[in-house]
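Each in structure tokens, the structures are laid out below.
Each of the next two complexes has subunit A plus one more chain, namely subunit B in the first and subunit C in the second.
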Partner chain A sequence: MSDRAAHSAGVWAVALAIAWRSLHTYLRRPDLFIPSLVFPLIFFASFAGGLSALGSVPGFHFPAGYTAFQFVFVVIQSATFAGLFTGFTLAFDFESGFARRLMLAAGDRRGIVLGYALVGLSRALITLALVSTVALVAGMRITGDGVDLFGLYLLATLLVLVGYAWAAGVAFRFRSIQAGPLMQTPVFLVLFLAPVYVPLYLLKGWIHAVASVNPATAFLNAGRGLISGAHNHTALGFIAAGALVLLFAIWTLRGLRAAERAP
Partner chain B sequence: MSGGEGIEVRGLVREFKGGVRAVDGIDLSVAPGEIYGFLGPNGAGKSTTVLVLTTLLPPTAGTARVAGFDVVQHGPEVRKAIGASLQESALDPFLTGREHMRLQCALHGLPKFERDARGSELLARVGLTEAGDRKVNTYSGGMKRRLDLALALVHGPRLLFLDEPTTGLDPQSRVALWDEVRRLADDGVTIFLTTQYLEEADVLAHRVGIIDRGKLVAEGTPAELKAGIGRPSVEAVPQDPGDRERLIRVLHRFGEDAAAASGAVAVRLPTGVGELADIVRALDAEHVRVADLRLHAPTLDDVFLAKTGRSLEGAAQGEQGEDGEDGGNGGEHGESGAVGGGGGGEQEPARASMQQV
Partner chain C sequence: MSPALVTQVGALAGRSILKTARQPFQVFPIIFFPAILLAVNASGLRAATRLPGFPTDSYISFAIAVAFIQGSMFALINTGTNLAEDIESGFFNRLALTPMHRVSLIAGSLAGVAVLGAAQSIVYILLGLIAGAHLLAGVGGAVVIVVLGSIAAVAFGSLGCVAALRTGSGEAVQGLFPLFFVFIFLSSSNLPRQLLRTGWFHTVATWNPISYLIEGFRSLFIFGWDATALWRGFAVALALLIIGLVAVGWALDKRLERT
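For the complex of A and B:
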């Protein structure tokens, strides 16, 4: 029986197998799949539609219009949450015992980290494709060029990884879905303490002070600059996202080591 | 014996928070090709030992080499060499049996062209061909265990860990799984089997290690372990209490007195169970009618009792959850068989002797 034992999957083979399984399950579960599509659309409709009068506030100037202004927030939120909810999936797999199968079968366990990252990216791809289509159908104007748009989705990709790596690090350490609020709450706070509805310069008081140092502000500024073609701290947004990816990647890999030591 | 396909454990300790030692200095060796039964009550440390040996949990102290590799230093190599079916069937309820096989093959790096054929082969081997395209959430407990076993075999492991593989299974599924374990052993796979079922260890294992409260309290072949604690005894209850003296006289021809239940007479047999037929013939010749005639061969439970002062069945009830083991005790019985009024129900292990009678 030992002829097959010579085989051993590398990091990528393990990652692709895990991604295949998780996406397969995700698409078969309407309770997971539908909310992940519907909620970004609800946010987009309510922010870009219901709050569109904010675009007429004195001093508000955004070349691509308020729909594009809010679209960037929804893209960033959807991307971050696609990653975040992949962390939930990982936590659930630990709680159900399925992750043990992965820990046991994976020759190189870093493939598990990478596999779930691919899941997060795939989920984000589905959600962002839908949100973008709906936004374009709704008449959203894009005044940036193709490279700018590519930059926006590249930024979104980094934010998927930020959300995922944060949540995965928590999931590896707690190995229970009960850690969900710990994954979710900081991300909610960071996203909503940013200039969501109006630009930073229109915010006043403590929210302005907080938003000024909030990394989500850098992401929003960069994203809005890209979609409008009027670049606004683009490099800062990418550097902040890249730094967080790196930081949380270390957090996740250390989490994996913690999971390997855990009972 | 540090066999390339065996297991070598020295001074293994696994301590949890609060100083609880689930595994407390275990030494054991499993030879290549052997079925090693690891027997103990819930919470004894069986599953923790398996988790350490399968690299799912690092030891606190001691060393363990599996398939020739140190479990701490060479985890990936160990995982490549072993298969494991753990206590909780780690299955995705939304995948079919066949999809599980595909996933497991991919995780183990089997080439794409081999995956479907290997999956089908193993599903057939465990009798799940027809159910292979159904989602696992429609499977019974027995089917899940069989799928779990098939998954553990996809990469042709040289060494297989089965952690309480039959807990919760109906008798038919249990026997089917035993047959599969024997077939695997015949194929040369080394098997480390944990169980809380005395019969399972007795019937399947070449050698048995008995663990209690994290310590290995006895080890040997089932026959050696049982022989080590004494000889079989025969116990009889006269149908007519007035025949008691005659019954004693007949039984004393075959052995010396042994402790007996109220109203019964017992003698310890000098060699083994071969005398049972002679006893029946002697009683018949003396016209002594018995209400109950019972052979009591030493059991692994007796071994456990002798080594720990507690019965395995009793020990199982008071110590659940220490290391995450669960599941009920399987209701095992001593290896006694009875004729006459005191039938033993499911007391299967003494079947050979009783057939002689």
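For the complex of A and C:
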């Protein structure tokens, strides 16, 4: 085996060990597991059920209906927060001392970054499977085809990585759960300063100006386009998500270096 | 109430207020989160005022009521967390071993919550008015809002005390916050009940007492003086308060058995 191949195998060995351990902990702790499933469902019930009358607002037009319109927001929110909460797990592991011991033991510490990313993706898989099942049982209409749906879940996968990479960068720098609000608040604001309840063209005033330049608007437009079979915003959504993954990957790896230098 | 009890409650109420006021991470969410959610919802849901049957053309006047409930939820978390910290640090046990009246152990905290509940209600009224809400009930309505806000804060604060006394853990109390937030989501917080068109959601919101508490606050902004909405709002707040106080008494007995 070449040095390069051995190195790569080392990264994956660390990553898979971390992923197994963290996922095992996640599934065995109801205080972590249940809220992560319940909240997206509550959001879905509250927005798709409670605000369904908004589908009758003059000018509102969405072929797949208001349930599908809100389902896309819940998918994007759940994906981003699955990644974000994995950053919380990393911060907690630093606070308990586990992550420091891990950094001493890991041959290649990039495996730590990769391992927690796998945890975020696994958590998102569980949450999105449940939310999607509930949405379909509730009668959600999908007017896009199978490829469109695959595109929606691919976009969600990128957003798990965006949420995770942002939160992990913060966790590596602060190494404390006290930094939780710093991870969560900006993401919460970015998501809710987008066209959550009605399309962008129905927003008025300052929220329209903010939402017009908000990357979350690109994700929502792309996702809503995919579920309804329209593709006029798909490319922008994927480009924005891909760019953020790259940007925050650099942020995370620099955070890892900062954690290595920390006393 | 004996003078000694008044002194004890007063001292502990002062401590409770100072403890909250001196911790920015407790004060910040009380102002910041309701203000941000109000700004986001009032802008994002403004289109709802174009629905036939929507009771006002100012969504911010409609939505401001939710801020008072969110403030009460923060009272639950802050009161419970502070009491749990006192239990964890041993301060509560040391107090319980003194000759002070056992009622004042909790009444002090709740009196502090009543003051903070009134203060945060005044802040939300001012925030709403600055943001463009109309308070049709006028100055008298503002006074009623402050009273109802204070009762609601004590009611929710007492539930926080129950959680703290039963678990003795600040982390467990914090974990209750999302649970109570669900009650806001599944209520008439974003649309009036007659416009909740999804059958099951309408039923849940109709049975959810938080809907009536929100509608009590809301009526003063958008209708002026609506006796039905007001008596229902006060009835829910007082019922929650009575349930909370009975549960606190029971939890205090259990906690002191172990002391």
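One rule holds for everything that comes next: the second predicted complex is superposed on the first by the 253 of 263 C-alpha atoms of A that agree within 3 Å, B and C clash if a C-alpha of one lies under 4 Å from a C-alpha of the other, contacts with A are read in each partner's own complex, and residues count from 1 in each chain.
Just so we're on the same page, a contact is a pair of C-beta atoms (placed from the backbone, for glycine too) under 8 Å apart; a residue touches a chain by one contact, two chains touch by 3 or more.
Treat the numbers as computed from the prediction; the structure is a model and nothing was measured.
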Subunit B versus subunit C as contact partner of A:260, first or second or both or neither: first
Touched partner set for A:28, first subunit B, second subunit C, both or neither: first
First, second, both or neither for A:202, with subunit B first and subunit C second: second
Contacts of A:251 with subunit B and subunit C, given as first, second, both or neither: neither
Where subunit A meets both subunit C and subunit B, residue numbers: none
Subunit B - residues contacting subunit A, complex: 16, 48, 51, 54-58, 76, 79-81, 84, 86, 88-92, 94-95, 99, 103-104, 106-111, 118, 151, 153-158, 184, 187-189, 323-324
Of all residues in subunit A, those that touch subunit B in their complex: 1-5, 7-10, 13-14, 16-18, 20-21, 24-25, 28-29, 96-108, 260-263
Subunit C - residues contacting subunit A, complex: 36-37, 40, 43-48, 50-51, 175, 178, 182, 185-186, 190-191, 195-198, 200-201, 205
Subunit A residues touching subunit C - in the complex, by the definition given at the top: 31, 35, 38-39, 42-43, 45-46, 48-54, 56-60, 189, 192-193, 195-198, 202-207
